[in-house]
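Lettered A, B, C and D in written order, each chain numbered from 1.
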Amino acid sequence: MLKVGIIGAGRIGKVHTESITKYVPNAEVKAIADPFMNDATAEWAKSMGVKEVYKDYKEILNDKEIEAVLVCSSTDTHSQISIEALQAGKHVFCEKPVDHDLGRIKKVLDEVEKSGKKFQVGFNRRFDHNFRAIKETVLAGKVGEPHIIRVTSRDPEAPPAEYVKVSGGIFLDMTIHDFDMVRYLSGSEVEEVYAAGTVLVDPAIGEAGDIDTAIITLKFANGALGVIDNSRRAAYGYDQRAEVFGSKGSVATANDAASTAVISTEEGIVSEKPLYFFLERYMQSFAEEVRQFVDAIVNDTEVPVNANDGLQPVLIGLAAKKSLEEGRPVKLAEFKF
Amino acid sequence: MLKVGIIGAGRIGKVHTESITKYVPNAEVKAIADPFMNDATAEWAKSMGVKEVYKDYKEILNDKEIEAVLVCSSTDTHSQISIEALQAGKHVFCEKPVDHDLGRIKKVLDEVEKSGKKFQVGFNRRFDHNFRAIKETVLAGKVGEPHIIRVTSRDPEAPPAEYVKVSGGIFLDMTIHDFDMVRYLSGSEVEEVYAAGTVLVDPAIGEAGDIDTAIITLKFANGALGVIDNSRRAAYGYDQRAEVFGSKGSVATANDAASTAVISTEEGIVSEKPLYFFLERYMQSFAEEVRQFVDAIVNDTEVPVNANDGLQPVLIGLAAKKSLEEGRPVKLAEFKF
Amino acid sequence: MLKVGIIGAGRIGKVHTESITKYVPNAEVKAIADPFMNDATAEWAKSMGVKEVYKDYKEILNDKEIEAVLVCSSTDTHSQISIEALQAGKHVFCEKPVDHDLGRIKKVLDEVEKSGKKFQVGFNRRFDHNFRAIKETVLAGKVGEPHIIRVTSRDPEAPPAEYVKVSGGIFLDMTIHDFDMVRYLSGSEVEEVYAAGTVLVDPAIGEAGDIDTAIITLKFANGALGVIDNSRRAAYGYDQRAEVFGSKGSVATANDAASTAVISTEEGIVSEKPLYFFLERYMQSFAEEVRQFVDAIVNDTEVPVNANDGLQPVLIGLAAKKSLEEGRPVKLAEFKF
Amino acid sequence: MLKVGIIGAGRIGKVHTESITKYVPNAEVKAIADPFMNDATAEWAKSMGVKEVYKDYKEILNDKEIEAVLVCSSTDTHSQISIEALQAGKHVFCEKPVDHDLGRIKKVLDEVEKSGKKFQVGFNRRFDHNFRAIKETVLAGKVGEPHIIRVTSRDPEAPPAEYVKVSGGIFLDMTIHDFDMVRYLSGSEVEEVYAAGTVLVDPAIGEAGDIDTAIITLKFANGALGVIDNSRRAAYGYDQRAEVFGSKGSVATANDAASTAVISTEEGIVSEKPLYFFLERYMQSFAEEVRQFVDAIVNDTEVPVNANDGLQPVLIGLAAKKSLEEGRPVKLAEFKF
């Protein structure tokens, strides 16, 4: 029974706690730490069977029984806490992104190597049943060599401008998942990025210095091309689709809905909208990523999303940002790392 | 170039004339006869390149150049005109149903045999791209031995009660196409029928002595079961679907729509309703049945829908009627023929 | 925290135990009893946090702390144990069917009334997301008055003949779920049944005195018609669909699949087969039915599937059996109750 | 009855001749000219009811009865013949592209203006039922302001390298249709283009100096973004899809198939591949574009695809070519016209 500590009791920290409790039979959450720990959260933790709650995450790092921690704190603390946890001898699962700064990510990667501990990054969508089905189809050779990787990723609602200001921009905040996805689906590294972007959803996003609508073209090391289209707001809900088109055909996924019901009336043939909320849409993937993290520790195997998988999407995101600013395609090699 | 005469210049007579003109390169319509022939119809015939228009269909029967006639007159004249045409040495394409009376159908069948001429019945749906795809899948053995044949057939609008009174009832007027379809798809003869029916669409239909909603269960000679569901009015339009379920799987068709467009908004995911009007839905099948009729004459091969195919659906329809009246399953063998 | 006892630790008893543990926050399983209780099962129970395991279910009935029991034992013991549990003052959730014998069901219903305790029957499919979506659409009036209720229910694999012999026959063993479904979807009682059935899947089923392929026509008190088609084996997997067609349109569901992936190659456009195994397909519904049972107890509200809902499908099943034997439609009123 | 002449009796010349004969009641083809006119073609023309066949297209230009010509000759002659026809007082329907050279297109546009005659360009896909449904949905305001226009356009088979050499390159030969489509669907002009392209389908295409796989990003005057993905070979057939995503939702089309049949077996759920051949896929659109051209002449209204619609896609294509060569986004304003 692997003992786990959760650092950060916000939305995603709670999701991981519940996942481990319900779906990971060979692990248990021993402690949860959050600087804003309060009675309600402590109560919830107790109902989950978690024995200890702290304000200071260092209590978790000092607990010798705890072998692994999940870093679910605010983004700006991810790299620092990860390093401390690795130094304390813990295996680390770090929520995405590891950091927005390449230098700090480098320090994490160095520490991972030095420590010899497991380090997994929280790109949960790889564990989603639909995207996994694409990946398996590609791996089975059914579509041949990949030629075009296509991701459509549109949020159901734009974030408030206040959030946008501290988000790192659409590419590091939202598209970063899609950057991970195209790497995952193509099985190759991105070498060059061209980003076109504009403000069409909410002028406040523009005033906050960001964009809300984007088309990003990618060139992969294996010669394939990729394309991502993003919007901060799809009126019909959370739109999450992908396609791999290759020499022998294509594999594509549609959105998930709450039911398969189709209503036919004088007005038309109506089916259900995509699941709206990301926690609902991706719940199963959150459980699966943590399950596999625990298995990698228990069996001492490779983690499914490693430190380099944490780095690359940030690099692509920074290249996309630069491409947008300078109006030209940008090579990842332009960034020193 | 096969010369053809059209008897009856109503809706379906006009459809066949246009089909031959546009899509049957080895035939031409030489003459059209209709007791209500008027200037407008004559003008239309001329625009189609038809040289002769008559009030009396006997003019067509007496024309030695005309080798084949299409009987598109009112239902009650089908059998009589067919017999006269066969006796005049013409090949005959007769619109469905041949007749509502078994004795009169028998006379037609006898004359067909005696004459040695081609005789085809207008069950056009067999030539529809969707139903044909089912048939070809079954013939290719892809679904194995047929176990269940299922037809959903719902009209977009109920007919007026006046029409219902002279229609012969839903089973001979509407379901007759479905009876033909289950024979076609199963490749077997119906032996027993149980019909449940009721009036839910329009009370006037009930007052006219008919029903508007029905479930019909069929037993086939090859052991398979069949089921048809009918409604005189589907609010969303003309619903025409079928499925053959067998030992190795199933093949099923959906409705055709005017486009594949799907509109996604806050209200839902909306696709187009089925094509509403039977002439629009089945236009291609009307052309194909006549093309194959002409080919059967020109090449002296079997017609694709023969005299027995004209008889059997009427027998099934009469059995369904009796079943409904007597509240029990009825064997076709109860009818002498 | 409602304390619950599980009687019967077979497949479904385990499912309910896990459901309560994971998804029903206001209940806990205190004890499990099974005449074949062994170390493996006891171990499993422990891992679920269940404190007590017994061979004799009476230990559970005697436990004053336990307020509700789930009767998951073999079918022939359902009615007897239910009665004893009600007499012991427990609320009862009884797996379907309550019994195959009307007299014994009557005794249960009498005891339910006498005891004033909650009694729910395990027709889980009502709690499935797809069928629930149909029901809600109908209740919202979107399809108007129901005219035709259609259920397609085909198993992925035929049971062994040994099982068939003791199953009570296809209508009480398999179709009973569909009989419940048509009642649920129509919102009306079945008054008459006509069943056509045959042996096409496995001759051994015929030798065991049962059928494996059926079409059942139903007449409802509200005037609507219903139709169910059954097969003991669909080569492509577990086929579970339904449609309600009404005066304003229709609502229909398709099968669930493991992903939305569509693979397009030279061979065709291929999507995933339906979920194969009933526990996988209906897992969410098993959790939901138990959750609502607990809520009904805690809040003292009506159970969502009551004793009469347990009786009616058995009545329909017996009528279907008689219809098949006598080759005629059978009224439920022919059965005394 | 408008008398029409066809210049060029190749594949598309024949298609237009048949369309006019069958589907355009207010026009007839009086003459066809082709430098390679032979007996077979003359015979075919006769069967279509065309009275005159020529080797020299000037015979058509000199025929005073002929009011309109369709320029279906080889691409390099389009502009010259169009100019001559306009000067001879004919209305002109010119196959796409008008020319690959901007200077020569300019001469055509000047002549169109000077002559006051109708001039339509053969971008037939605008008349396709699916793309038209998107356009009508956008015009009806159902998806709000367009944000992203997306076109997937993949051929079923790559052309031979010999053809590629004289084709003008993928952007002027194949993508030109998609450039027209994004203008049509967006209702706005393209201002900037970025093209990423590579050779993944056939090395011979690369040796011929062209690419076979491309992603093109477009910026529109109205602020929207566009993206086109192209491949010269989709193993599953002709892939022709589009989507307009806007402030209120999206409208998207799927491919057309020969039937709606779905085959479910142990191997999976299989539906039909897209229609393979462009003439089959777009047949209805070829008829419709010519019908509307004739109507525009007869009623003296605007043609649906005018001279500027012929120019813009060539400009976009040249910009895409330059973008690919120079590895940067290219503004259309960089081209003098």
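One rule holds in what follows: contacts are C-beta pairs under 8 Å (C-beta built on N, C-alpha and C of every residue); 3 or more make two chains touch, one makes a residue touch a chain.
As the structure is a computational prediction, the values presented were derived from the model and not from experiment.
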Quiz item: With chain centres set to the mean of the C-alpha atoms, which chain is at the far end from chain D?
Solution: C
Quiz item: At what distance in angstrom does the C-alpha mean of chain C lie from that of chain B?
Solution: 42
Practice problem: Determine the centre-to-centre distance between chain B and chain D, using the mean Cα coordinates as centres, and give it in whole Å. | Solution: 40
Quiz item: If you average the CA atoms of chain A and of chain B, how many Å lie between those two points?
Solution: 58
Exercise. Return the residues of chain C touching two or more other chains; collapse runs of consecutive numbers into ranges.
Key: 234-236, 248-250, 264-266, 272
Exercise. Sort the chain contact graph into one of these: line, ring, star, complete or other.
Key: complete
Quiz item: Can you list the chain D residues touching chain A in their complex?
Solution: 144-145, 147-148, 150, 154, 194, 196-198, 200-201, 213-215, 217, 219, 223-227, 229, 231, 234-236, 245, 247-250, 327-329
Quiz item: Which residues of chain C touch chain A in the complex?
Solution: 22, 25, 47, 129-130, 132-134, 137, 142-143, 248-256, 258-266, 272
Quiz prompt | For the chain D and chain C complex, residues of the former touching the latter | solution = 234-236, 257, 264-273
